[in-house]
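What follows is a single structure, and I will ask about it in a moment.
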Amino acid sequence: MNLIILLAIAFGGALITYFLGKISQKIRDIFAVFISLALAVIAACFYNVSSREIYYTGFLDFPFVLRVNTFSWFFAVTIAVIGLFSIIFSLNYIRKRGNTDFYYSMMLLVIASMIGIVLSGDLVSFYIFWEIMSWSTFLLISYNRGPAISAGMKYIIMSVTGSVVMLVGIVSLYLHYDTLVYTELSGLLNNASSGYILFIIILFFIAFGVKNAIWPLHVWLPPAHSEAPSPFSSVLSGILIKIGTYGIILLIFVIIQINVFLNLGEGILSVRYIISIIGVITILIPTFIALLQDDAKRLLAWSTIAQAGYIILGIAYGTSESVAGGMFHFFNHAIFKSLLFMVVGAVEYRTNGVRDLNSLGGLIKKMPVTFIGGLIGICGLIGVPLTNGFVSKWLIYKTLILNNSPFLAFAALLGTWGTILYSYKLIHNMFLGQLPEKYEKIKKAPFSMQLPIVILSLAIIFFGIIPGLPLHVINSIESGFGMEPLTINIWGIASDTGTINMLNIFTAVLVIGIMVWLIFKVSKKSTVIGQYDNYAAGTTVPKDKYNYSVNFYDPLCRMISPYLKDFIDDFYMSLARSIKNTGNGIRRIYTGDVGHYVIYIILFLALLIFIQINWELW
Amino acid sequence: MNHTGTSLKENLLSYFDDILVEISDEHRLTISCKKDSVITILSSLNRNGYNHLALISCVDWIKDNELELVYIISAYTEDSEKGKMNILVKTKIAREKPELLTVMSIYENAEPYERELHELYGINFKGHPRLIPLLLEREYEIPPFRKDFDTRKYVQDVFDKIPFVEDKKGRK
Amino acid sequence: MVMNTILEIIIIILLAAIIGLFFLGLSRKIMARIHWRYGPPIAQPVIDIIKLFNQTSMSHGKLFNFGIIFSLSGSVVVLLFLPLGEMCPLSSSGGLLVILYCMLIAPLGLALSGGEAANPITSIGISRKFLLAFGYELPLLLILLTVMTHFNTISIVDIVNMQLQTGWSFQHLPLLLSGIAYILILPAILDLRPFELIQAPQEISSGPMIEYGGKFLALATIQHAFNVFISLSLFTNLFLGGAENPGYFFLKMLIVFIILLFVNAVTPRFRIEQAIKFLWRWPALLAFAGLIIVSVTG
Amino acid sequence: MDRNKLGKWLQSPGKMGQKYSLHALYFCTGCGIIEIPPTITARWDAERFGVIPVATPRQANLFLITGYVSVKTLRPIIRSYEQMPEPKFTVGFGSCPINGGMYWDSYNTIKHLDKYIPIDGWIAGCMPRPEAVFVAVTHLWTLIDKGMADGYKKYREDYHYYRENQEKILGKLEWPPLFSSKKM
Amino acid sequence: MVNPVLLIVIPLGLAFVVPFFGFISKKIEKFIPFVALFFNLIVSLRLFPRVLEQPVHVSIGGFVPPFGINLVAGPIGILFTVLIALVGFLVSIYAFDYIKEKDQEKYHILYLLLLTGATGVVLTGDIFNLFVFFEILCISSYSLVAYFGDKTSIESAVKYLIQGALGSCLILMGIGLLYGQFGTLNMADLAGNIKSVHSVSIFVPLVLFITGFGVEAAIFPLNAWLPDAHSSAPSSISAVLSGIAIEVGLYAMIRVVFTLFGASSILTFLMLLGVITLLIGELCAFCQENIKRMLAYSSIGQIGLMLFALSIASSYGITGGLFQLVSHTLGKSLLFLAAGYMIYRSGSMNISSFEGMGKRMPYTALAFTIGAFSIVGLPPFIGFPGKLMIVKAALFEQEMLYTVLIFFILLATVIEGAYYFRVVQALYFKEEKNTQNQKREIAPLSILIPIFILTGFIVVIGIYPKLITDVLVSSASELLNRADYIKSVMP
């Protein structure tokens, strides 16, 4: 089972679903789920197979290489699994909407191209799959019509700019070392001049930064995520953001080798430190902006940018624990962020399209399973000890503190607290509080939506209690990169400087929880009362006028909102406007009067001769 | 006898014919007039500065079968002379079916006073947007503030009728 | 080995409960004395808890029950990570960061059950709770980072042992600054008067706990007692040299608590904006200065 | 803390709890509320008896009805009483709740409050002084000891009658009946 | 024995035969260009393998090269002939249903003349012969632009005529000067005698040629005619114009600069000119509302890109440029054909009328999207290898100037992406405004065949570019080493 068959299945599947759709919806749905399932299974069974296949296609004598090792396996499995769940989730979500064949084929195409990126062994095939992913994402983002169109346009412009800059980087690499295959390329850059390495880093960093929504390049993400259809935005923010991470890891650890990267520049101005600072800014500012949001999906979009900041911080900091933390946080973030988007999608599906946090409320009574998924999701997002988010953040903080950079640690920890605030706001405004009149009769989410939610929540808890499994995989990746692996056991990290053992924490919580539950059960039985039998200073609870969770953190928002105007967005908008104005200005040249055109020709001729006579250039 | 009171009295008399104006003491001026000229008087007072309706109270002259409404008007102004003036506009209306036009168009704050009078005296104010009960919880066929309302009899046949729980339980 | 850890756990939990409730009773007694009145018996909290356990209560659903259970077990779990003299059962499986994160479970549990109570006053109480938590977290993080970088470790047991050798951490200037900052934010952590915004009885009639009847209120008061014990023991462990012998340890905690009570008795209540502004100004400044000094002197 | 007290505590902690921690519901019904602040603050410290004012009915088990009860205030009183958890005691303050007091013939006040909600203790006097409150509290203790302070039990059994009386005075009540009427 | 001369003679002959067929029956006229170009395509494909070893020389009338008129069918010549024949053939099929007017005679005659002129320019070895074919090409395109006969098309045709005429007479002056100096008209012979460009007598003809051919090749200051001409011509004609005419003009200029004069220092100026044309073309296209004007400005931009690539005088540069040329011919003619039919169906030319076309005409819209993606240069399509080779060529030079220019070019491609994606979004994701004719119309077969074939080419060459890279490499080497061109032609 070599890799080209996997890619063939993926891309072929995408095309076939489009035409199957013409025949019947049912077959197409089943086929789409079957294809994504097959992808997940095949990707999974490449576990510690590390093989390389080279195909000399006619593509301008660039070799087309596919390779798989634990590093690419780790990303491929996450992509395939999250893709599978989002397709299952979209079975119901998309049924009522327009041209569904287009949606399914594009979704499979995006997943296929992401797997292609992860399995590609050389930079050209990496670039080809990267571009296919960009334009298929563009088509999917603008699927929702209306405001989604401007969101899609903003996305495609930034990603085309990023990939064009990367193209320059790839070609200059090719011309310097006339090979683009990772294995050959990795050794060569060590003796290159640090100026050239910096040039390459900047180029690639812009491309991956756009995809990874790093702070100055994050502008496209909030509109794109909130306008894209929910199952796709769970793919978008779950894994597509991580392709940028994959690129950065590839750049730092495979192409430039970690030791070269570490001693680039010295002290404060070292590249490692600058990227960490960018990562920290990407954590802080979007977290505070997320606090101000009222639209659920836009809040999650800003939180995606913040969490991507953690991953960048973890990877760029360079020590083996921080890289492990970064990669583990990638894995966790893929799970709980796609879970949260599915929860919001389920709520949106049931209340047909309401995402505004101020008008939702009390849905726990109607959609309990979705609530439990959402609760576990935000616990993962925050990093409550028994969830997987905790372990990865703990790793990042530990290295930051012990390697004497407390200010980075401070900013990251403050980011966590911001996450607590906005994630609780998400759950509270959507599920808790009074149930408004108009949502009395909504049913619970259909089974095809609940299945991925339940499985992903179990995954969060499972990997939270047993972080050893993913950490073992990450260890083998790190040793592949030539860094000394962490000392881990199945239950957590046992290094000498600081240990966490999730088993003890789990048993402690379990035992104490049961004890408290027993005390609770032993005492008098409490009568269950509805939402209208409530303390209202002696009067009865007025229907529909008793929900105070409108703009939840109003005092804080009033304090911080003047400082958080998104000036980066205004900068990009003014740039676009100035290009349009120059365009209009230049259009004036073609005046429409043929006399002017003839004068232009003569002037051109005169200019040529004048230059030759005076300066003898030619 | 301050001159503002007298000057006010002169121009009121000049405008309106069938009204009776007399200055009872240094700062009080009472105007008694017909039911339907109340609106015009109040609007003219409001126009030349007396823009505060302090209270609308009602007196139940049961003997000559009339209800007398008293509008107490004063002015929010700096000059102390005018500020101290209190003007009482009195009018009498029949007791059987008391009907009157609302003054809310002139003085906004008349709304609760008129609701209270409606509830306690049964006066119906035509044109009042919300004549709903203000203070009382229960319905009364004779409005309680009227003189012919016998509270003691009311208490006997409402409150005392309600049995104690023990006797009710005993009897059943 | 497992036996004596279980033994240690039980001892710690009982000790913490007793000390916590004793502190609550004492606080009400001291407040009364300051008000120049006789005040309730010291064991009043225990009596309250017994009464509450006998009362029937109304619950708003499963999450309402789960929330209070989750928050109490969260507080008790944090307890196990804190060293009490040489007894520290779970210190091997998690350091100061784990404590910081576990201290977050209690407010989250309370918020969830408060949310389920579907009362707008609880929403206001919860949003105030989180805002205040966000307020005092900024200086608290700076303080913890200063201590951790100063002792260059993230496990609290090492910090206590180092303090045993080199004496209290108040001698070093940066730690003195962050100690003072910590005292400034302790009333916010313990929900005492200048920052008693969450259960402000006059304004939002005891905030998130508005729908807590009999046994819920009992569990909430127990959780509050544990929270008092945890915060004070964390402070004494980090700054006052931990516990050579338990008696001396409790005395230090008591002194700090009494200082806070004096402040609590006389100061009015902050509005939420003023509270955040205050917390982000003075204590944050002090702690930041401490952190700079520590990271500079290295 | 003499020994028999301790004995009594051990054999019935529930009673002890109810006695020594009466959380009073902070709900100003009538003119008597002006007496409450001096009783709970420095001059006549009620806290020594374990009486603390509490904000919400859910946390209270003592309901002080101070002063006359107008027809309009009866509705919140009933609502708050029903929201209090089960072992709850009510104390009528002053002569007005007893039999209407000086408003005996007013059309607007409730005459015998215990027609509508069970009252465990009365304090006579037209606004009794704080010392009378403490006498009432200690008297309530003895009632609790003897198990006679069972107003809430009566309310639960004869809820139907109470409800009937209440609806006679207040017309239709918005909230559903607390106990589904088994009898009748 | 397939003689390149047939490539010119047959279409010319058939062009003049069209009226006679007209007498028999009006309907046959449509098929004549179809037959002629099909024949042309077959002949050029047959010539293809032989030309790759060594160029084929034909001297008409038996005269020895320096004297008589001779045709040189080198690899670049045959590449262009194939392209012209292919696009011409497909457009002729397209014209079956597109040109509905009653007297189509004029259209078919001029159409054949235009293609013969183009083929002639590409194959000839003699500069005067080059001028003659160039004139045939220009005149037939002037009149075809005015084919619709309404006010705007006539006005733009006249403007095109004036500028084209000016350009042609400049070329004529250049030829005159050269003939006066060297007495011969054969390119190879001339190339042999011209040693260096620096003497004024050589430099002036070079400048004249560049300006003359520049007008037709739509370089920056000289391309004022293109937007009006292409937008008011019938879509099939503007497809041919954008697809073939300007490329042939560019070919002529490159042939003159490289083989005839062998000038190298002027190339940097041409390169700068190319970048300026690209930027101006893209910026103007960015704020256009009319779809055909937008495509016309984008052609100007692409021409600037080709000029930049071709004027990097390295083999990478020229292969990149030629690859870009091929991708532009295929892509742009596809876009014009698809857009033409959509305009025909939706009635108006501005982009807002294209909303909802995705549902009404799925295949044409799909073809338009693929064409747009290929022009912008997204991977699975033909545009991407072109862009890749141009960037490789530019960076190969290692100079700072090239990296700066490359950034400008890539900025331009981003702007290009912006306005193409805007149209794609309008096609698929915007609601149809006037919803009365919502039913799905499938375009008639004769419209669909050329569109599908072109899309097929774009996707196939995009995935497997080796098909045409070896032709491009040999034609680049033919252009670059001037000496053996002279040796092979001269006896």
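Order of writing sets the labels: A, B, C, D and E. Residues in every chain begin at 1.
Methods note: a residue touches a chain if its C-beta (ideal position, glycine included) is under 8 Å from a C-beta of that chain, and two chains touch if they have at least 3 such contacts.
Since the structure is predicted, the reported quantities are computational estimates derived from the model, not experimental observations.
Any chain bridging subunit A and subunit C, meaning touching each of them, is among D; the list is complete. Under the touch definition stated at the top, subunit A and subunit E share no contacting partner at all. The minimal number of chain-to-chain contact steps leading from subunit C to subunit D is 1. A count of C-beta contacts for the chain pairs B-D and A-D puts B-D on top. The central chain here, found by comparing per-chain C-alpha centres with the mean of all protein C-alpha atoms, is A.
The centroid of the Cα atoms in subunit D and the matching centroid in subunit E are 99 Å apart.
Separating the CA-averaged centres of subunit B and subunit E is a span of 97 Å. The distance from the centre of subunit C to the centre of subunit E, with each centre set as the mean of the Cα atoms, comes to 79 Å. If you average the CA atoms of subunit A and of subunit B, the two centres end up 72 Å from each other. Across the assembly, subunit E contributes no residue that touches 2 or more other chains.
Those residues of subunit C in touch with two or more other chains are numbered 53-58, 205, 210-211, 213-214. In subunit D, 56, 58, 75 are the positions where the chain touches two or more neighbouring chains simultaneously. Contacting chain pairs (ordered by label): A-C, A-D, A-E, B-D, C-D.
Residue ranges on subunit E touching subunit A, taken from their complex, read 158-159, 162-163, 166-167, 170, 197-198, 200, 203-204, 207-208, 210-211, 214-215, 221-222, 224-225, 227-228, 263, 265-266, 269, 280, 283-284, 286-287, 359, 373, 376, 378-380, 384-385, 387-389, 391-392, 395-396, 403, 406-407, 410, 413-415, 417-418, 421-422, 425, 428-431, 463-467, 469.
By the touch rule above, subunit C contacts subunit A in their complex via residues 9, 53-61, 63, 65, 68-70, 72-74, 76-77, 80, 90, 92-95, 97-98, 100-102, 104-105, 108, 111-112, 115-121, 123-124, 126-127, 130-131, 133-134, 137-138, 141-142, 145-146, 148-149, 152-155, 205, 210-211, 213-216, 218-219, 272-273, 276-277, 291, 294-295, 298. Across the complex, subunit E is touched by residues 57-60, 99, 102, 124, 127-129, 131-132, 134-135, 138-139, 142-143, 145, 148-149, 152-153, 156-157, 160-161, 164-165, 167-168, 171-172, 174-175, 579-580, 582-584, 586-587, 589-590, 592, 594, 596-598, 600-601, 603-605, 608-609, 611-612, 616-618 of subunit A. Those residues of subunit C lying in contact with subunit D across their complex are 28, 32, 35-41, 44, 47-48, 50-58, 201-202, 205-206, 209-214, 217. Against subunit D, the residues of subunit A that register as touching in their complex are 532-533, 535, 537-540.
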